[in-house]
Structure formats: structure tokens, C-alpha cells
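Quick heads-up: structures coming right below.
Consider the two complexes below, in which subunit A is the common component and subunit B and subunit C are the respective partners.
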Partner chain A sequence: MGLRGLLFFNAIFALLPITVFADAVVEGHVELPKSHSAPVMAKRYEIVTIGGVLSPQPPLAVVYLDGSFPKSTTTATKQIAQKDLAFLPSLLPVQVGTRVEFPNLDDTYHSIFSYSPAKRFDVGRYRPDERPIPSEVFDMPGLVTLRCDIHEHMRGLILVLNTPYFVVTNPEGRFRLGGLPSGHYALKAWIDSKTTREQPVDLKADTVLHVDFP
Partner chain B sequence: MNSPAQAKKRSVVRFRTKLVAAMMLVVSALTALGLYFTQRKVATTAERDLQENFQAEVVSLHKVLALRQTALTERCGQLVSKPRIHAALEDNALDLLYPSAKDELQDLMEGQELSQAKGASSLHARFYRFLDATGAILSPPNPKDVGELSTEAMAHLALKKLPEVQQIGYVSEGGDAAGGAVDEVMAVPIFSTETGELISALVVGFKPLEIVGGAGLKSGIWVNGRLHLPSLAKPAQLALSDEIASAITKSDRVQNNFNVTISGAPQLLFYKLLNPESVFPPAYEICVYPLTESVAQQRRLRWQIGGAGALLLLGGFMVSNFMARRLSVPVEKLAIDSERNRAALASTSEKLKRSTRYSADASHQLKSPVTVLRAGLETLLRCEDFRPEVYEELSALLHQTHRLSGVIDDLLLLSRMDAGHLQIESEPVNLSQLVDEWLDDLSALPDSPEFRIEKKLPVGLHVAGEKRYTSLIVQNLLENARKYNRPGGRIRVSAHENANHVVLTIGNTGRPIADAEQQHIFERFHRGSIRSAVSGHGLGLNLARQLARLHGGEIRLVQSADDWTEFETCFRVAQPAPNRAS
Partner chain C sequence: MHAFELEDFFERLDTGLSATAFQDTLRTRLSGTIDTEFYHFEQPAPGLIDSKIDNLFDPRLTLFLDAQIGSHIYFFTQSRLDRGFDPSDHGAQVRLDEYALRITPWDDGRFTLQVGKFGTVVGNFVPRHLSWDNPFINAPLVYENITAVSDKAAPDSPRDFARSFEANAKYEFNPVIWGPSYASGISFSGRLGRFDYAAEMKNSSLSSRPESWNATETDFDHPSFNARLGFRPNQMWNFGVSVSDGAYFRTEAERTLPRGRDIGDFRELVFGQDASFAWHHLQLWAEVYEARFQVPRVGDADTFAYYFEAKYKFTPQFFGALRWNQQLFGTVSNGAGGNIRWSQNLGRVDIAAGYRFTPHTQLKLQYSFQHETTGPRDDNHLFAAQFTVRF
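Now for the complex of A and B:
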């Protein structure tokens, strides 16, 4: 068995857990709070604060499978860009240990920081062409509020989750979360900084479970 | 003769003195009035100028203060909107609050050493603190970084409730009762960007602005019963502090001014509440403006006005004196003339009195001997042992005593009239009847010449008067008409009513009265030369006229020519009394 065979094994081995557990699928609908603005062709999502509750606007939810899953051995990298003096996307769910880059797509300075307990960081002021792109690794689960020290109105949310199984609903609240392991879990829907709904689920291989969050 | 002249001179001098005094009084009053109004106007102008100067100073000071406060407000407002401060407060990262603020407020705190050295003109803060939602001070990890504060100042900074709007306060640093340092404090509320709630406040302390303006204007702060006016000596500050405290307690005005004395110098003190409706204790801006120059200027002006007044008075006195001399000349003349007239009048009156008294006395004195004489003659006539020619003589003598009695009676009556002692008791008198009676008597007289009587008299013609005097008038006139008639002549008596008068006209034939004598016929004891043959004593017409006048009437000679003499007598008409037809 040469190098080619080793590679193949490795590939099989690597895919093994996926092929073993990637059977179950959950799909359904999350009843989202009513949008505060008129339904428009919203391309951008912003984080708004109403009565001390941070939520994306128009409403979105993050549906994730809660449980204790092995941590990813590799560091995944995601991006939240600053474009038109806003975070894009404004809500980003990541698994613990993910590195998030903050590329500056505006032609002005930004200074991203967070004083949230889940992650305190301050990347300082940086220009659009700053290389490497400023980034932080989020290694504690929790909700991280992103602020810009220069543009006080800017807010972004990073939902750091223990699980690799999560998905952001579409604006209507529909979601489909596939490749889930079989077993008894809690399926959660994060709606805003104060609201997370939960449904117990029994996942079976090759089955599509329909779960709605009313 | 010398004494009255001197008296007159003295009285003229007195008059002149009085005139001068009166004029001086007027001049003095006018001068005093003028001085009073001038003084008042000057005082008002000075007061207005002072107020204007002072207000101008205060206004310029307030402009500086307002500019500074606007700058501070803006600066503090910017500070509290800093995302890091909000993040620290909203994301429960209080440990990062002061470190974050240190970066944000760095420029505000920078150079504070310099600012203290330079005074308070810069906008650098001396300290800052954050308050939590309850108003308590969030302790800084390192007080040196945020400006150290005394315990007293800390106590003043902590608030019972967070302010909803930006507030200004003044906080004593402690130390002495007066003169200690004071900080101007700006408390800026911090609202959560997430909940909109009041979550904190930033309190920034600045060195207060102290300006020594033009014209010696000094400003300071009065707070918590203490005055902070470093340019004043401490004892003066202490004394002034009490005065301000009592003035503020007495008045509820937010600003006012009053006069004070600082170290013996008069000053105008102005106070104004700096932070109305503030959560901090009320603090007053105190401005002290020296009045020394203004007072000195007023004193100078008062002296000048006083001097001008004195000069005016002196001038007034001289003019008054001159005028009095000029004015007193005609008055003096008038006084002398009047004195003369008065003396002449008194002398005349005295003479008249004497003469009247003399007539009365003489008449009284004569009456008794005449009566005795007549009685003696009548007794003699009753004797039968005289020769017939003795009887004739005695009869003639008796007749003369009757005449004498008549003269004496007339004289008595006249003297009573001259003395004003004759009172008329007016009543209606039937003139027609009176005339008839006298005409009857006239014709019965034994030595009457032959004459004819023409009578044209309405019946029951009544006049107002006393009957016996009216009768005397009629008697006298008819007697004259008889006496001065010629034999075969006539007497005409007529009467008519004319408005309020009754006119009785008595005319007789006979030699007329000469023109030259006509004007004298009513004089006492006047008898026409041509009539010496006729008995009479020259009192009848005078008496009749006096009596007529006393009754409100008159007698005049209408004509005396061509064998006809006519007198007209006016009586006041009277309504006949119904029961007294007589």
C-alpha cells in the first residue's frame, strides 16, 4: 500500500464518523418574532437592541443540537466583515475554537472589540488593507457582542457554541440541519440574547425529524 | 415831628428787610430744590452708570463662563458616548471601566499639572469618577490615575439618585471654613444603548473659572456655606460668606446684588445661582465690584454741586438785596402816603367827633336855661301889674325862647345824626294824610300871608319811614313854601309813585333863590340874604335832607326862577299795613 492507499485510508477514516453519524436530519420552522420594520427585500441583517435584548433584525434564529460533542481538532476559520459601517453577517454562530477574521471592507478605520464575558478582545484600529486580517479565536461558549470603538452604533453577535451542528434559519424561520448523530439530544433555537427555545429530540439514522419551535 | 419820620423810616427799613428775607427764602428754596433734583439726577446717573459697567463686566464674565460650560458639556457628552465605556458598563465589564476611561479621557486629564499651574483657563479635568446606578461612586483601581479626592469631596460626589440630565455642581475640597479649593463638577448621565436605562453617570471635576475682570471685578463661588474667592484675604472671605448666607436665606431670588464693605472699602456684591434644580447643593457665583471710585466720584460731584449751590445762593442774595431796594421805593412812597392819609383821616374823624360832641353838649347845655327862661317869662306874663308894652315885650321874648327851643331841638337831632346815633324804625306812613294835616295847620297859622293851595295827591299814598321824621320833612318843606311865599301867591303840592319811590313835589310862588345861592341852600345855618326878613335859623332844609337821606330818599331843588320855586322829595314806597290806615 503506497502513498495513494494511505491517503485513501485516511480519507475513509476521516469520513467514518460522518458516514456513521450523518444520518439524521432535523427540519422545521422557528416562529420568529415579528419584524419591527416593514418587510422589505432585506439584504443586510443588523443587530438591534430593544429593551436590553440584542436580536438580529429582520429576525433570524440559530438552531443547534446541544450536547457534548468532541471538539474539533482543527481550527476552523470564519469571517465577519465590516462593510458599510456594519458587521456582515451581523450574527455568526461558530463552534468553540473557531477563529473569526474581521476583514475591513470599508475605506475607513475600524476598531473591533468586545467586553463580553465569553470573549474579551480588542484588535485595535486597523486599515482596510491590514494584513494579516485581524482575527480572534473564540474558545469559550457564549454570546459575544462585537463593537467598533470608532463607530459606536455598530453591533455584531457571535454565538459561540459547543456543538458543530448548527444552522441559521432563513428569514421565514425555516431550517434544515442534516448529518446529525443518532441519539437523544436537546434541539435549541437561539432567537435573541434572552430567548433560547428548546425541544428534546430523538434522532434516528436515515430519518428526517420535523421539529417546530412555536 | 422828628419821631414819626424816624418811625416811618424804621418801618420802611423793616419792610425792606422783610422783603429781602422773603426773596432770600424763595431763592434758598429754589436753590435747595434745584440742588436736590441735581443731586438726585447725578446719583441716579451714577447708579445707572455703575450698574451698566457692572452688568457689562458680569455679562462678559458670563459669556466666558457660558462658552466654557458649553465646551465642557460637549466634551463630557462625547466622552459618555464612547463605545468602550458603554461596553464596560453594559457588558458587565466594570473592571475595564476605568482602564477604558483612562484611554478615552486621557486628553481631558492630560496636562492637569500644567492646568493647575496656569490657573483655571484650560478645559482640563482635575478628576473624574463613575457612579453606579444607585448613585454611589464606582471606586477606581488607582485613584492617582483619575485625580485624587478628599473624603469630603467624595461624600459630596456620591448622589442619592442619578441625574437624568447633565448637571453642574460645586464641591468643596475641604480644608478651612473659607478659602479652600472648590471644584466645578459636571455630572453626565449615561444611558444604556441596550436598555435605554440610566445605568451610570460620569462626574468630571474641573478647576472653576476665576476671573479678575476689568475695573477690579472678582469672581468666586459660594457653596455649602463657604465662600471660595481666592483673590480675597481669608478673614474677608469669612465675613463675606456670612453676609452672603444671610442674604441668600432672606431672599428667594436666584440673583441679586447688594452693597458690602470689604476691608473698609465699599463694594457691590452680585450673586447668582449657578445650578438651579441641580442634584448638587446650590452653588452661587459671587462677583465683587469695587465701588471706591464710584463713591469718590459721587463725593466729588456732591462737593461741586454744593459749591455751585453756595455761589448761586450768594448771587441770589445779592440780586434779592438789589431787587428789594428797587422794589421798596414805590412801596416806601405808598407807605408814607398811606400813613399821611391815615393820619389825616384820623384827625378829620376826631374833629368830626369833637364837633358832634360839642353840638350835642352845647344843645343839652342850652336846653335847660332856655326852658327855665321860658318858664320865667310865662310866669311873668301871668302877672297883671305890668304895663301893656311890658306884656308885648314879654310875649316877644317868649316867642324867641320858642324859636331857640326849635333850633336846639334841630341841632340835637342833627348832632345825633352826625354821630350816627339816630335809628330809623321804618313803618308805612300815610303821606297823603300827613300832607293834609300839615296843610290844615298851615292855613290856620295867624301870620300866614294870603295864598292858595293846590293839591294833587292820591289818597292813601304810603311811604316807608318813621312817622315823626317823615312828618318833620314835610313840615319843613311846607313851612318854607309858606314862609317864602308872596301875598296872593299859591302853594302846589303833588305826589306820584315812580317805580319804588314816591315823589312829593312842593312848589311855591315868591322870589326865586339866586343862582349863586342855590348850591348852598342845603348847608347848615345858611340863609339867603334876601330872606333875612323871614324868620328861621337856617337848619330846616339841611335837617330835611339829612332825614330824607337817612330814610333812603333825597331832596333836591327842582327849580327856582320866574316866581316859582319847586322842591322834589323822594321817599321809598311802602305797602300800606292793612290794620294801620293812619
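Now for the complex of A and C:
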């Protein structure tokens, strides 16, 4: 499954539990930064070198509804895999209290860690067939940068949010966030660690609101 | 500065030091480390430290250039600004320590060809020898313990060979393997199932000094042939055997050789075994080396060296490491009907602790105790600290 497929499923699963109970929808477009080139992997001391080029990770944004919402009573579980020496997906928004698993789908060790204030952890080296899959519960809101101690070029992001209403844009910046409660809220678009745009929104039941973040 | 601001700074720096051209066909990245090292030791300085001062400050800037050209060509360089390849009290110097062009024709890793000046394929220390990856500040004993072998002059007699060298002339002598051995040459390597292989032809032997590694300094008249065969049953274990055969004398030693003999007649032969294990937060490494130097007017001088090394991450940012090293020397004829040990047996224990403040900054502290079990010299205590900024 490609990156786009995973992002699609990620967005769908994020929305599934709440679409049953709420019905306002926001859709629109986020102006994304210029696409990055594929990273250069340092292979200086590798006896075995695999050919090919690492996949570029397109810039994505997370659109979320900011406000005071009740905390989830169950622990949701999401995954960020390591596949072809990259984190997949490279950006994962989760609600506070979510458990994230880190399956290793490569035929080599990874060693994932984060020194971010929102979550410091180091899962160490583990075999792809080890069970349970190493996981962490993200219980503080904030941005968590994932790295691999073995592969310097690897970067992944987990955006831990207080809200259950969020979605990842597609690589063109388009989003659709459904199942939202009626009321006056701030709709935010997280673009990178320095840039979060915000628009006030009035959500009404059975309406589709169009919001762009230029 | 807030942790995120610092991370953002390094991320922006990384982006600024990366470049692409020709529709992303050529992609380059400049990165590096700034190491600030402090050593306190007793004289004579242990290992390859070349200093008459007991408290040595040794800063180093290392720059790496990694370039990917298409999907099958890779090029890298390592250049350094420091006080010498090994810690020393000398003035500043700039060197191009490594440069290599690597061609990988197939995507599955079955074959790779590399040409340039680069670390040896022998053993398992080279992949972790840089300051950020090495749990210790120095190298295992076999990579830095000076023996009685000199690549600059042949001994006049067995007694001349086996006598202890003077501390101030220590840099005239050689270890079994000189650090990562960035000699010049060509290598091929690859993986076939659970096995991996690597072989190289270099311009100088494993024991050769950094000055000999340059192709402009040492040509390929007397090349060294090195190889390693590895077996990886799973991600946790990695086993390897290595061999090396190369002439170890430099050209200036030619006039000191016995009449009718040349540099190619006197070789360094090395047989090594290595193993490593990693699981969760524990990493183990071990290497065993048997080496033979063919010494003019003396015969074969044999030595045996090994080490065990363990690293454990106690927390995401704090790790500890322990290493036990030993090197034993054989005997050679003393020329008067008896035998004499050709260098002093010794053991060394290294203890280190490291803390990573951020993904870009690391502090390591190390204590080493070296004990010569057969020699008259005093034991040596080494204290070292190293602060590294990686970008």
C-alpha cells in the first residue's frame, strides 16, 4: 500500500467513530510548502548497499477543530510503520491518549526514539516478528519528532491533539473533515512546527462549510 | 533556547546544506560534527595519543559530503580540521580523510564496487568508529596499541626489535590496525542471502599510519589484500571472519632491509573474527585478532588481541558502556639461543557513560585503566570527556 493509500485509510479511520453522531462538514484547501526532494542517505560504512532512491515525503498538513471536547474513554491504537527506510505515514495526528504502534516492515533493524518534550521514548532495536509490536501511549498534546538511531535521514511526526476532530490533507492540500458538532470553533491547519493557520468557523448541522488556508 | 527552536535550527540547517540539481538526479547533503575532547593521562601517553602534555584539549571539526547521483551511484567525502588524525598536541591541520565513489548496479545489494580512500572492510569496528556512534571516546586496544613493529625502519637485531621503544619516539611504531585504516584502493562487496562479503585492495597494510593512506604518498607497488565474510542469521546476530595480507614497510625503510630483500618480502598477516548482537537497548560487540609481522633479522612476530564491548541504554538519553581489551605477544629469538617477548602483554578496561541532550548534542565521559602484565612500565589511568554537536 502506498503512502497515499495509508493516508486515506488514516483519515477515514479517524472520522469513523464520530460521523455517526455529528453531521457538520468542513472542506477546503491548505496551501502547502514546496515539496522536499528525497533525502540523501549516508551509506559511508555500509558493506551491503541497496540500490535505488528513497521516496520523497510530500508536505502534508493537519486540519483540526480546536475547542473543548470530552476526552475519549477508550484507548485508540494507530500505527506508524518503518518501510523502505522511512516512516509510513510520515505525519500522524492522534488524539491525546492514543497508543501508537511501530511495526518494522524492513529486513533490517530500526531504533526509533523521540526527545520531544511531549513524549520522550526509545523503543530500541526489535525484530520484525517480535510481538507485541513496540508501542507508546501519547498522553500529552504537542508535536513529537520521530527519528531512527541507525538511519540518520529518517524523520516522522506525530501531532498529539486534544480534539477528536482532525484530518490529514492529501498531497495537494485538499481536506474534508466531517462529523463535526454544531457551534462556534476555531479551525486550525498545522503546516509545520512553526506554522499553524487559524480560521473561525460557525458550524451548523447538515451543512458543508468551505474553508481555505491560503 | 527552547528545545523545539534548537531542533528547528538544525532542521533548517540540514535543509540549507542539502542541494539538488538536474531534476533531482544529483542530490547532495553536507553534514558534520564538532567534537570537543579533553584527555587527562599519565606519561607515556596511552594508545595513539601523541602528546607530552598530560592534559590535552583536542577540538575537531568533521565535514561529510554525501551525494547520490541517480539511483546507483553514491559519492562521499570526510574532511577534518583538527590537531592531527589521532589526539595530539600539534598545531591545526586540514585533511581529506575519506573520499569514495560507489556503484551499485543492482537494487538488491548483491554487488557494490567502490573506489577511493575509505575505511577498511575488516572487522566490525569501522561502522561505529565516528564520535557520534562510538560509545567510547577511543578505539579498542588492538586499533591503537603501539607495538614494537615500525614501518619506518627494520630492526638491526632481535634485541633491537624487542627493546621497549622510547616514549618520545612512539609515533615511529605501529599498532596491528591503525584506527579505521582509511587507506586508498578499491573494494567490492554485497549480500547473498544471509551472507555478506567484502574484499578490498588497498595501497597500504592495516597497520600503516595515516600518512601512508594517501595514494600520493604510497603507491600500489605492494598492495594489501583484505576481505571479510559475514553471516547474519537474523537481525540480532552478525558474525564475520576477516583476513588481511599486506606489506607493512614504508619506502624509507627500504635502505634498512637486509641486502637483496625488498618491502614486499615482509608482510603483515591478520586473521580476525567478529561477532555482534543487538536487542532492544542492549548492544554487544566482540573481535578477536591473530596477527603476524614478518620482521627482518627477527622472523615471525605474533600477537593475539581481543575485546568484548557492551552498551546499554538506561533511558532514551542516557547510556553506559563497558569494554575489556587484552593483547598478548609471542616470543622471538633473541639471537643468543633464547627467546624474548617482543612487546609487553597488557589489558585495558574502558568504562564510559553518555548523555544525548538533543538529537544533535552528546556528552561522553570515559575512564580507562591500562595494566601491562609483563612490562616494567607503570599502569596508566585515562580520563576523557567528549562533547559532540552533530549537524
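By definition in this document, the second predicted complex is superposed on the first by the 171 of 214 C-alpha atoms of A that agree within 3 Å, B and C clash if a C-alpha of one lies under 4 Å from a C-alpha of the other, contacts with A are read in each partner's own complex, and residues count from 1 in each chain.
The definition used in the following text is that a residue touches a chain if its C-beta (ideal position, glycine included) is under 8 Å from a C-beta of that chain, and two chains touch if they have at least 3 such contacts.
These numbers come from a predicted model, not from an experiment.
> Touch test for A:Glu46: subunit B only (first), subunit C only (second), both, or neither?
It touches subunit C, and subunit B stays clear.
> Just to be sure I read the superposition right, which of the two partners does A:Arg125 touch: subunit B = first, subunit C = second, or both, or neither?
second
> Would you check which partner chain A:Pro117 touches, where first means subunit B only, second means subunit C only, and both and neither mean what they say?
both
> Going by the contact rule set out at the top, does A:Thr108 touch subunit B (first), subunit C (second), both, or neither?
So A:Thr108 only meets subunit C here.
> Is it subunit B or subunit C that touches the larger share of residues in subunit A?
After superposing on chain A, more of subunit A is contacted by C.
> Check the residue A:Leu143 against both partner chains and state whether it touches subunit B (first), subunit C (second), both, or neither.
second
> Which residues would you name on subunit A as touching subunit B in one complex and subunit C in the other?
49, 51-53, 113-117, 120, 145, 147, 152
> Going by the contact rule set out above, which residues of subunit B touch subunit A in the complex?
Answer in residue numbers: 81-84, 86-88, 91-93, 96, 192-197.
> Report the residues of subunit A in contact with subunit C in the complex, numbered from low to high.
That would be residues 36-53, 107-109, 113-117, 120-122, 124-128, 143, 145, 147, 152, 193-194 of subunit A.
> Using the touch definition from the top, list the residues of subunit C that touch subunit A in their complex.
3-4, 7-8, 15, 18, 20, 24, 27-29, 31, 64, 66-68, 70-72, 74, 76, 78, 98, 100, 102, 104-109, 112, 118-119, 121, 126-127, 129, 189-191, 196, 198, 228, 230, 234-236, 278-281, 283, 313, 315-317, 356, 358-359
> With touch defined as at the start, can you tell me which subunit A residues reach subunit B in the complex?
49, 51-54, 113-117, 120, 145, 147-149, 152
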